[in-house]
Amino acid sequence: MLLSLIVFMPLVSAILISLLPKENWIRPTALFLGLAQFVVSLVLFAQYDPSTPALQLVEFVPWVPALGVSYFLGIDGISFWLVLLTTFLLPVVILGSWTAIDKKPKGFHIALFVLQTAMLGSFVAMDLVLFYVFFELSLVPMYFIVGIWGGTRRIYATTKFFIYTMLGSLLMLLAIIYLMFTAQEVLPAKQMTANILELYKLDIPFIAGQFLNPQTLLFFAFSVAFAIKVPMFPFHTWLPDAHVEAPTPGSVVLAGVMLKMGSYGFLRFVIPLFPEASEHYAWVFLFLGVVGIIYGALVAMVQPDVKKLVAYSSVSHMGYVMMGLFALNTYGVTGSIYQMLNHGISTGALFLLVGMIYERTHSREIEKYGGLAKVLPIFTILFFIVTLSSIAVPMTNGFVGEFLILLGAFEASMFFGSLAVIGVVLGAVYMLWMFKRMFFGEEGELVSDKKHPLHDLSLREMVVMAPLIVLIFWMGLLPNQFLQYSKVSVEHLVSTKDAYQLSIHTPQPESDAQLAFGMKFFKSVAQAPEAK
Amino acid sequence: MTADSLLFFILAAMTVGSALVVILASNPIFCSLALAMAMISVAGIFASLNAWFVAGVQLIVYAGAVMVLFVMVLMLFDLKDEVRAFSRGLVSGFFKIASVAVIGGVIAAAVWMSTETIFSTAPAAPTVNATVATKQLADLLFKKYLFSFEAMGALLLIIAIGAVALSRIEGGTHADK
Amino acid sequence: MQAEFLFAILLLAPLIGFIINGLRWKSKNYLLAGSIATGAVAISFIAAVLVVMKLFGADAPKAVTVEYFKWMAVGGLEVPVAFVIDHISALMVLVVTGVGTLIHLFSIGYMSHDERPSKYFAYLNFFLFNMLLLILGENLLLMFVGWEGVGLCSYLLIGFWFSDKEKAAAGMKAFVTNRIGDAGFLLGIFTIFFLLGTVSFDEIISKVAGMPVEVGWSGPITLAALFLFIGAMGKSAQIPLYVWLPDAMAGPTPVSALIHAATMVTAGVYMIVRLSPLFILAPNALHVVAVVGAATAVFAATIGITQFDIKKVLAYSTVSQLGFMFLACGVGAFGAAMFHLVTHAFFKALMFLGSGSVIHAMHEEQDIRKMGGLKKYLPITHATFVVGWIAIIGIPPFAGFFSKDEILWKAFSSPLGHKGLWAAGVIGAACTAFYMTRLMALTFWGKPRFDEHKTHPHEAPPSMAIPLIVLAILSAIGGFMGIPHVIGEILPGHPGNWLEHWLAGSIAAPAGEAHGSAIMEWILMGISVSIAGLAALLAFSFYVIEPDRPKQWAARLPGLHRLLENKYFVDEFYFERIINPLVSGSKALWAFVDVNFIDRATFVVGDFVRGMGSTARTLQTGNMQQYALYISIAIALMFVYLLEGPKRLAELFGG
Amino acid sequence: MPINDALLNVGLSHYLILSALLFTLGLLGVLLRRNVIVILMSIELMLNAVNITFVAFSRYSPTANMDGQAMVFFVMTIAAAEAAVGLALATTIFKKFREVNIRYFEHLKG
């Protein structure tokens, strides 16, 4: 029941919020509910067993038996951190948008919570149709978040976002239906099914070098859907628009979690379901990943709008994630999972910071700033730390992910791996150049404006940033504590990807497990360094 | 030509002729009068088919009640001769007539082709006494189709209320806000 | 005491200093901040000494290693947080913490008028922490952490006065240029890891021990060595990545002394020495190292001749001296490289601090054309600077002589060496002697060229003078740790080459016979010293005896002078040919690929759908009769279909 | 079927063809006329055509069943109801535009 609780608690919260009579109750209630669902998700630490690759905390209820569709939830090392990242970011976002969202706060928070359910659902759904439902459901609240609380071109941006993503997922829907029918024909049960564990057993025909064969077509149908969501290089143009127009919390959730639904999809569905095609066409994704890294960095470099710069940096960072995934080795995949978390945290933090300065000056144009370091020292320090994380300086989280990805990519293909390293340089170029122009030098017109003096971060804003900063260093200094949760699953995936199977883990009844969950949590953290 | 067939052809000619007037006359009053005529002719047709009761109802309900309604509304509007009785558009007009012709033709062809096989050889059922026939009809309506009959009643009630409500709305859907 | 404990103190003391000063970054109390920072480094130094002591003695271990916890463990990659002090890192850690302490001490006085002394000391401490990580890290990855960390601190310290756009830009330039090197370093790590399956130095060295020497260019070890050398190029400012170092002089002068002369920039050399058993297997890579080193040595020295900023002269001098160290590495004389690294740390730190003292005295004036005759105002600074000057131009028995001469001799005699490399080294040394003498002459000697009534240069306070004196002593005697055999033999007591002995077990030596005899060594030594001496005399005559001569020569060789004064137009070249095209190309990419191509392509799809929609929309007029028409058409068609209309018609007309 | 026969023996076909004729005329009226009231009248014509069919089938079915006639009642009821609502709508349209042209129904869209 834990997973259902985690997934649907936000939905219940949304209903609760909708019943609130007074406007000024909404934010505290939302924050409380957000924190509550985060705390509930922490129970995962106690219930989750990192030593097995099997699916855990499984819930299975037939939904549409005739089609083999079921309400099937489960979690393993691949989705473990993504779930926690999602639940973690919600309270941060709510607190971060305390003053940024000034109209219709009720609707906004409802949308945020519904979105939360959709995102969590797609991370734990182990049934393709259920996954698809959650995957698509996530579009709706985001559509409204950008479309109602966004900037001036919000309608354009939100429509573009919606249609782009929708288009890809329709292809995926076709592929899902095809898979379900294939399962009916091929599997011994002779029954349609969307159960991913059953579908893993399919051996879909693949002919190397030919495009028109089932596995290749299915592979690309799924890939396009997820590549748009990630977004990978040629499908990325919705992202900068959506990010620039989205309100700060929207950007944070979009960059922090929603993009990961794409890369998670690759890991959960594309690679295990279509192993031959994945291997055969890995070079396409390595290539597009490299192009994304370099292209994103170059274009980010010349953006006049700081939010757009961060958005393009997302394209670059997600390029790393794609490279890591399609390195198809332990280093790359582990690095990718790590990089997903990093990106969620550091890009989320960057968007929050950009939002904070935007609230003060109502401008995002880099040229209008300058000399902020003198005026807003605390803001500068935080921004700098996040910048470091974004450009993957060692001892911050970014380094671990990027290093592992590059290591994996280098093993998979020396050529692409070496090219990707250029991104390391360019990343420093665009971030530091932006940093220099905004924070150093003479004070810009917005900064020196005596009529509107800038105030340094308030206590609330510091509280928002604190957990992110702590995580940046924690994940950078003690990565093993995080890596150990996904280690077994990743190794299982990589080593058996040609015949990937996932069993269901049935835990020994442990009566004291729930009681001692706090103890166990701290023990697991304390033991982390020794874990192999 | 027997008397029956003569009666049929006269009634049919009256029906079709008055229907033509309905759709061609430019003055709505003429239209309504022609419609009344058509109703009466149809009642005659019913009678020729031995459906005496239905023929009576046709006269009372249609030629009586419905026609009165039409005429009253027309009087209320005080409409003159219409300058343009028919809607515009040569092309669409052509399509309209063509499609109607096709429908009519196809139906006629269908009748032509199918009656032979189904009923033409079958003689008309033996005529029964009008009283018996009406009794049979009542039996059907109040037993077999009781639910539908009652539903009809409810429908009529709702329609009556709805019509009153609708005509009382100020400005209809375009009420000035 | 336990090694774990000592290492912890050694590493954490600067980190704690950083945290304390970092938390009170707003404080203007420079004395307190400086004391905390200096104390932290001093503690670190003491701990370092205590650890290094363990290496002495008859049955002393070759290295002291401690492991704290696993940092990363993924697949076959296991990266423990482990540290080692062996004979190489012992040398380095002592230099870094020792010279570091002195420079911290000096900084107290230097930064006394600054707005944010606490922040400065925090950065300085953090730098030291990272430098120690770099030096002590037991694996390549940990070294890389320090490697990037020192780059970061360098960025922060160069841009310390960030309100000045130029200085902020210099910081960024340093970081980005370093990053290019770091990228190479990363590739080097990858190559080594996939070749040997480990990143630990100990295991790398034991695994390469049995490997044959690679002949060609494409072998994995050669590749790894070249990748790593790219890293070294960035950090140690070699051609073509040296451009950041002269600009890095924008930072406070003690920073230049610590980071950009004594410690960080030598990290590349240190790394190569550390991996010498690997490099020695790739002679071709070593040739590259040697040639780049020699070229840099000459190239930077020639630029140094025409610079007028006191710190810029020293910066180019540093680049040039680093070139010497790489030359040494390239010819397989890793010991000589280490030796020069140490002596260079002494005398260059001394001279930077001296220049800091001068700048402090002249109220932030850095142009040597506006100095002159400072000898009488700054006697201590002058005296110590003279020691540094003699040391760098290589007059025996000062430190520079021994180390530089060993490099030159090895360049000549090593199996990997070449006469051309030797000649380049001698030219570099001559240029060094010339520009250093010029610097001395223009700064300290001759007549003052500043307004003596307005500017009153004052001698440095003791906190600044003490480090100068200590470093001067070290510069004077530092060379005796590596007395060449030929000299040792004629000295009383026959002192051996202690350094060579100390490093013997830890570094590799090139296979093959050294050529050249003791007589030859004497002759070459004589040649190089006399050439340097002549160059110094020439400079003396140019700038002290006949101050007009430089201008005459500049007029006589206008092309060369312009070329040198503008630093061979390298910065301009990079700017015009790399940075500008990159920026404008990116703008074009954005405009064409994103906006005009991808977006337009998606719009085409959208417009197509929209076009179909608006075509279909014309059917939906809202005209009820039209709708009725559609219904009737549909019914007609349905009837025709149901009654098999076409078939019937065919029957009707066909047969 | 010889023409004489067709004239003498009136059977089901005759009624059905009459019904078809009436129906098409009604349809033409619906499609071509502009006056809402006339259109309503045309609809009545079409309904009557259907009624003729019902009664004719009822009469000529071999088992003389009355279901067809029962249906006629329902159709008539619906027709009456439809006329009532249609005329009410026409009244509202007339109130607004002082005319009962069908094109004003275009304005009924939300």
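List of remarks:
Should a chain be cited, it is by its letter among A, B, C and D, assigned in written order, with residues numbered from 1 in that chain.
One rule holds in what follows: a contact is a pair of C-beta atoms (placed from the backbone, for glycine too) under 8 Å apart; a residue touches a chain by one contact, two chains touch by 3 or more.
These numbers come from a predicted model, not from an experiment.
Of all chains shown, the one whose average CA position lies nearest the global CA mean is A. If you average the CA atoms of chain B and of chain D, the two centres end up 4 Å from each other. Each chain gets one centre point, the mean of its Cα atoms, and the points for chain A and chain C are 37 Å apart.
Computed centre separation for the pair chain A/chain B is 67 angstrom, with centres defined by C-alpha atoms. A straight line joining the Cα centres of chain C and chain D is 97 Å long.
Residue positions of chain D touching 2 or more other chains, listed in rising order: 27, 31-32, 102-103.
Residue numbers of chain B whose C-beta contacts span two or more other chains: 87, 96, 99-100, 103, 107.
For chain C, the set of residues touching two or more other chains reads 625, 629, 632.
A complete list of chain pairs in contact reads A-C, B-C, B-D, C-D.
For chain B in complex with chain D, the touching residues are 1-2, 4-5, 8-9, 12, 15-16, 19-20, 22-23, 28, 31-32, 35, 38-39, 42, 45-46, 49-51, 53-54, 57-58, 61-62, 65-66, 69-70, 73-74, 76-77, 79, 82, 84-87, 93, 96-97, 99-101, 103-104, 107-108, 111-112, 115, 119-120, 122, 124-126, 128, 133, 136-137, 140-141, 144-145, 148-149, 152, 155-156, 159-160, 162-164, 166-167, 169, 171-174. Per the touch definition, chain C reaches chain B in the complex via residues 625-626, 629, 632-633, 635-636, 639-640, 643, 645, 648. The touching residues of chain C, when paired with chain D in their complex, are 621-625, 628-629, 632. Residues 7-18, 20-29, 31-35, 37-38, 40-42, 44-45, 48, 51-52, 55-56, 58-64, 66-67, 69-70, 72-74, 76-81, 83-85, 87-96, 100, 102-103, 107-108 of chain D are the ones that touch chain B when the two sit in their complex.
Residues of chain D that touch chain C in their complex: 27, 30-32, 102-103, 105-106, 109.
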